[in-house]
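Take a look at the structure below.
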Amino acid sequence: MGFFIKLAWRNIFRNKRRTFIAGIAIAVGLASLIFCDALIRGMKDNLIKSATASFLGEGQIHARRFWETQDAEKTVNNLPTVLDGLRSEKDVELFTLRTMSLGTISSPANVSSVLFVGVNPETEQRLSRVDDVLEEGSYFRDGGKRDMVLGGDLAELLEVELGDRVVVTVSRAGSGDLAQEMFRVSGIFRFHIKEMDGSFAFARIDKAREMLGLDGGAHEIALKFRDNRFALDPGNPFWDTYSREGNEAVSWTALLPELTRVMDMVWVALGFLAVILFGIVVFGIINTLFMSLYERMFEFGVLRAVGTRPSDVRKLIVCEAGALAVLSIVMGSILGFVLTFVLAQTGIDYRGIEFAGTGFSELLYPVLHFSQFIIYPAAVFVFTILVGLYPARAAGRLTVADALRKSL
Amino acid sequence: MTNHASDLIVTENLRKDYREDDIVVPAVRGVDLVIKEREFTALVGPSGSGKTTLLNIISGLDSPTEGRVWLKGKPISEMKGAELSDFRRDHIGFVFQAYNLIPVLSAEENIEYIMMLQGVPKNERRERVRKILGDVGLQGMGRRMPPKLSGGQQQRVAIARAMVSRPGLILADEPTANLDSETGAALLDIMRELNEKTGMTFLFSTHDRMVMDRADRIITLKDGRVARDEIRAENPIR
Amino acid sequence: MSLHRNARRAALFVLALSILAARVPLRSQEDARDIVKKIDALYRAETSRALVEMAIVTPHWERTLKMRVWSMGMDKTFIRILEPKKESGMATLRVGNEMWNYLPRSNRVMRVPPSMMMGSWMGSDFTNDDLVKEYTFFDSYTFEMARSEDEAPEELTISCVPREGLPIVWGRVVISVRASDHMPLREKAYDERGRLAREIHFREVRTFGGRRIPSVMELAPKTKEGHKTVLRYLEAEFNIPLDKSVFTLQNLRRRSRP
Amino acid sequence: MVLRMAFRNVLRQKRRSVLTGLTIFGGFTLAVIFIGWADGSYNNIIDEFTRNRLGHIQIQEKTYFDRPSLYKTVDDPKAVSGVLKGIPEVESWSPRVVSAALAASGDKSAGIQIIGLDPEREAETTRFDRKIVRGRLMAGPGSKEAVIGRGLADILKAGPGDDLALLTQAADGSIAEDLFRITGVLSTGDDMSDRTSVHLNLKDAQNLLVLGDRVHQIVVTVPALGRVPAVARAIDRDLPDPSLRAVPWQDFARSFYEAMQADKAGLWVMLVVIVVIVGVGVLNTVLMSVLERRREYGLLKAVGTKPRHVVRLVLLEVLILSLTAVFVGSLVGLGVNAFLAEHGIKFAEGLTYGGMEFGTMRSELNARSFAIPLVTVLASALLVSLVPALRAGKTDPARTMRLH
């Protein structure tokens, strides 16, 4: 066998141009697979990000039924224990506490209903992107207790600008009493999402707790995991661990079932497309290999004529396919890496002329992952060998005289 | 049909038809031949007379439409696959018109290849290669790759390769066709010399007058049939 | 999530009436603080009962409601609508920050979620905010005498600036009173940039139960064109004996007048 | 003559022709299926998402979308219906009334949104009926029945059979209140809306809000998603009232649209990748075949063929192969796409959520799924063949003949 590998390897290098052409064809296929995988990862990240990174978080813990009812009394149970637990979870990158209450916000000019959210700016700005999409002002930088960051649409409706007074009215937890506080607009954000820009107002959680009478409690713990795929698995024991004592830990997929369904559909569609793409690549491999092998049937005829067994010719051809695969894999992996790496830095600008500024990441960034350089090269290798089996069989079966005569 | 011990090749009513679409083209139409050991035989005839086909069938590269071939008393036309390959490897050496070297192997390696298939130990292989390179006049050229050799040198390597496994029968299909007459003649001289020295049987096709003259038996084919079978008196072996 | 503002406002029954009831004129007081303090003090009538007509003008419709209003202290109010026919029998009870509506058609009592008490009352331009703020007006602002450009010779102007940190949207409230009897004439609310946000005019001083008060109060938000609310006192009594049972849910459910 | 030679060459070198043809065929066919499937599944996703709740087109007062108001109404829905009836591409439509209100059941109350709709029209347009998770749809006008969102049912602790008191301000400024009976609970999959929605019969809502025949929006669906902008424009043109506008989903579901757009962009990138792979594949085969056939071209040159004729010959061969491959590929692609459009790929049995159907993904049959691969594959095949063709044209006859 060793000899055939040597022979195959030399064959590969004998006609450098042919090998190069064939290798490039397979390499481009491999690079495409790597790139498309990275692209799909990028799209997936993009979708997950657009769903979770603006505000939601990849997972949340709150008291049972808080999400459905937004009842101010339903604060997270046993908060200190839960927080201790979260601190020791190695999958959890960070978490942040929030209070949430529906209320009204008024300015001299207008009144609007509002989702009043108390946040811890230090952790919040690492989890949500509100601070990244500030149009004006800052994200609780100045330490003012009465700072308020609100959405651009809401600011417009209230006709307020930075530094202006707004009054928030909410009901206190438990008693249901009216609680009112004056805030000053310190930041205005714009996600370009109507639901967020028109109805969210953020304040420091201490102030919000004071208003709501929560005394250190929180309605919601938003979570960010080290790997964004973590939250995609509803079977993860993490959710059960924190769904105890009246709390429920849910991933964003459960919080946004409609979006999750849409994503599921997207993945099915993409999965099928990936299969098609793979089909095209396999096709390319078949074509390339057949081209480079059938043109050389004379050579195999010679081998057969001098007494090489059919099985040895088969071996040789399979080895050649393998050698070509190895070569292509090296080229393709490099090509795929460079292409993906460059585009992962620059991003793919998909904005057509038909729509301008979006709230989400405006560029599509392919995401490199080490598995791309294992799975696809392995698949290409296996497929190349499998594909090589056919010409190998043909060469093994060929009538030597035909091969010698026809090819001349 | 009786087989004598010295009958190396025996063919019996050999027929070969090629099919091209619906037309049947008969290439060999009933050839009965006996070639004895140590013969140095030329197969001559115009293009399309069936020389190559006959050689191919004799060597088992092609199968006859009808009839049978015995080689060393073995019905080669009935062998298949690995058995046939091994038989060929062990008993027949080949020299083709051109390009019959494995292009990625050096002259040495080309010669070594068959021994390797036979499982000859490395040291012995080396020794035999060295010796045979000398026999065909290619001392010191063993490391060259085929493209770096002239046509005549390539053919010599091919002969060396054909003979190195001591096959008993060397089949050569127009070995001199791509060579100029002088080189061709020189090649034939080497073959002749080896035939005499080792007692190996040579069967080659040609339409080169000079080559023909060096044979001690000339079988002329015409339209797939043996038109003439002439044994030349001056053959020293007979 | 976002509700229509107009309808949210309409969904609230907020008693803003006591603002007016409280504005009892003062005799010559020079100090702004004292003027306001006295307004504030007189405002704290123990009990009151009034018949009020409210005309609301919007670009879409105009209508007039007639209602009877009871109050006790600063934190209890009961309103029953008499006219028009469609709304007659509807009632609102407010005790502290809690508020209930009685819906005669459904024969239901509905609690108003506290977080929604900021809206307008009865589709008018008054908000609950006005009520809640006004009764602590004296504590919530700092005062000084001022002059305003539209001040007539007979008028005094008091500039009121909210104390820092209090839940007040205005940057400044300017009250104009008649110099002679400190009868309120106008109240203008500005934002911090000095933009006029709301204007209230007081007119037609009448005597009710021995108190002289402007019987008409016209409110016009400057940020909403074509909107105006006019309150007119038809009858009013102050510090009369009232049973605490007026301000109960049982009374709210009763269809007939108490 | 060159053409005839090209044909014969193609026919003579059967295996090589078949291989080159197969590459083009495979690339083309898969690209056809790819685009058809991508269009189909994305349209399917968008269709499910928009149709489910928002419709494809909304007709409403110009500024209603940005600042909804009770008073911004479609005053003459009948006239609009007339317009919609006159546009054949309109599938169905459903008028709605929307207003905020207070709702109470038992001792619980909440701020809610009244959505008045015609259950039958709405079922036809937005599959309203499929979203019911408990109880049933409200009955006809005057039934005073209500279907509430699941979250709201939680907040009010109410369900089918319970009473629901509503309090709101009517369009004439009056305070409107009435008692309704909850007959059903629905889930649209959007928790936000399920937390606040109370659905009434259109007429009941109009009566409560004293709107007469006025409505706030008319939700329109169109059978072909791709035609939405055009249909919206057509409706817009014919609308009887200049204050009204027909808004396509791209505008009113902007963030969703943009997310989808980003996703589709990814698909286009993948399509480019496919074209590249096919191009390289064609290049590979043609180049190899040219290299292997140098002797033949040398012969042609030797007998006096001009270089450009050799170039033309190579290109013609590729063209013949490409056209054949594309033709066969079109048939196969059409067949596969038609099958996938008809039957789809089932990936989850009967999975529906909030009225959305998730079980089957289908392809779409459209012209561009053929046109794009046709142009790109043919162009790339010819383009990449140009290099080998030029090489073939430059063949040095003497050298190649000698070599072989």
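Each chain gets a letter, A, B, C and D, in the order it is written, and its residues are counted from 1.
In this text, a contact is a pair of C-beta atoms (placed from the backbone, for glycine too) under 8 Å apart; a residue touches a chain by one contact, two chains touch by 3 or more.
These figures come from a predicted structure and were not determined experimentally.
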| item | value |
| --- | --- |
| Third chains touching both chain C and chain A | D |
| Maximum centroid distance from chain B, chain identifier (CA atoms) | C |
| Chain whose Cα centroid lies nearest the overall Cα centroid | A |
| Pair of chains joined by the greatest number of C-beta pairs in contact | A-D |
| Centroid distance [mean C-alpha coordinates] between chain D and chain C, Å | 55 |
| Length of the line joining the C-alpha centres of chain A and chain B, rounded to whole Å | 67 |
| Centroid spacing, where centroids are CA-atom means, of chain B and chain C in whole angstrom | 121 |
| Distance between chain centroids, defined by C-alpha means - chain B, chain D (Å) | 70 |
| Multi-partner residues of chain B (each touching 2 or more other chains) | none |
| For chain D, residues contacting two or more additional chains | 111, 192, 195 |
| Residues of chain C touching at least two other chains | 1, 3, 5, 8-9, 113, 116 |
| Chain-chain contacts as defined at top | A-B, A-C, A-D, C-D |
| Chain D to chain C touching residues, read off their complex | 68-71, 98-102, 104, 107, 109-111, 113, 163, 165, 167-169, 171-175, 177-179, 192, 195-196 |
| Of all residues in chain C, those that touch chain D in their complex | 1, 3-11, 56, 58-63, 84, 86-87, 90, 101, 103-108, 110-113, 116, 122-123 |
| List of chain C residues in touch with chain A within their complex | 1-3, 5, 8-9, 96-98, 113-120, 127, 129, 132, 162, 165-171, 189-193, 195, 197-198, 223 |
| Complex contact set, residues of chain A against chain C | 101-104, 106-113, 115, 146, 159, 163-172, 176-178, 180-182, 195, 198-199 |
| In the complex, chain D residues that touch chain A | 15-16, 19-20, 22-23, 26-27, 30-31, 33-34, 37-38, 41-42, 44-45, 48-49, 67, 111, 150-151, 154-155, 188-192, 195, 254-255, 257-259, 261-263, 265-270, 273-274, 276-278, 280-281, 283-285, 287-289, 291-292, 345, 347, 353-354, 356, 358, 361 |
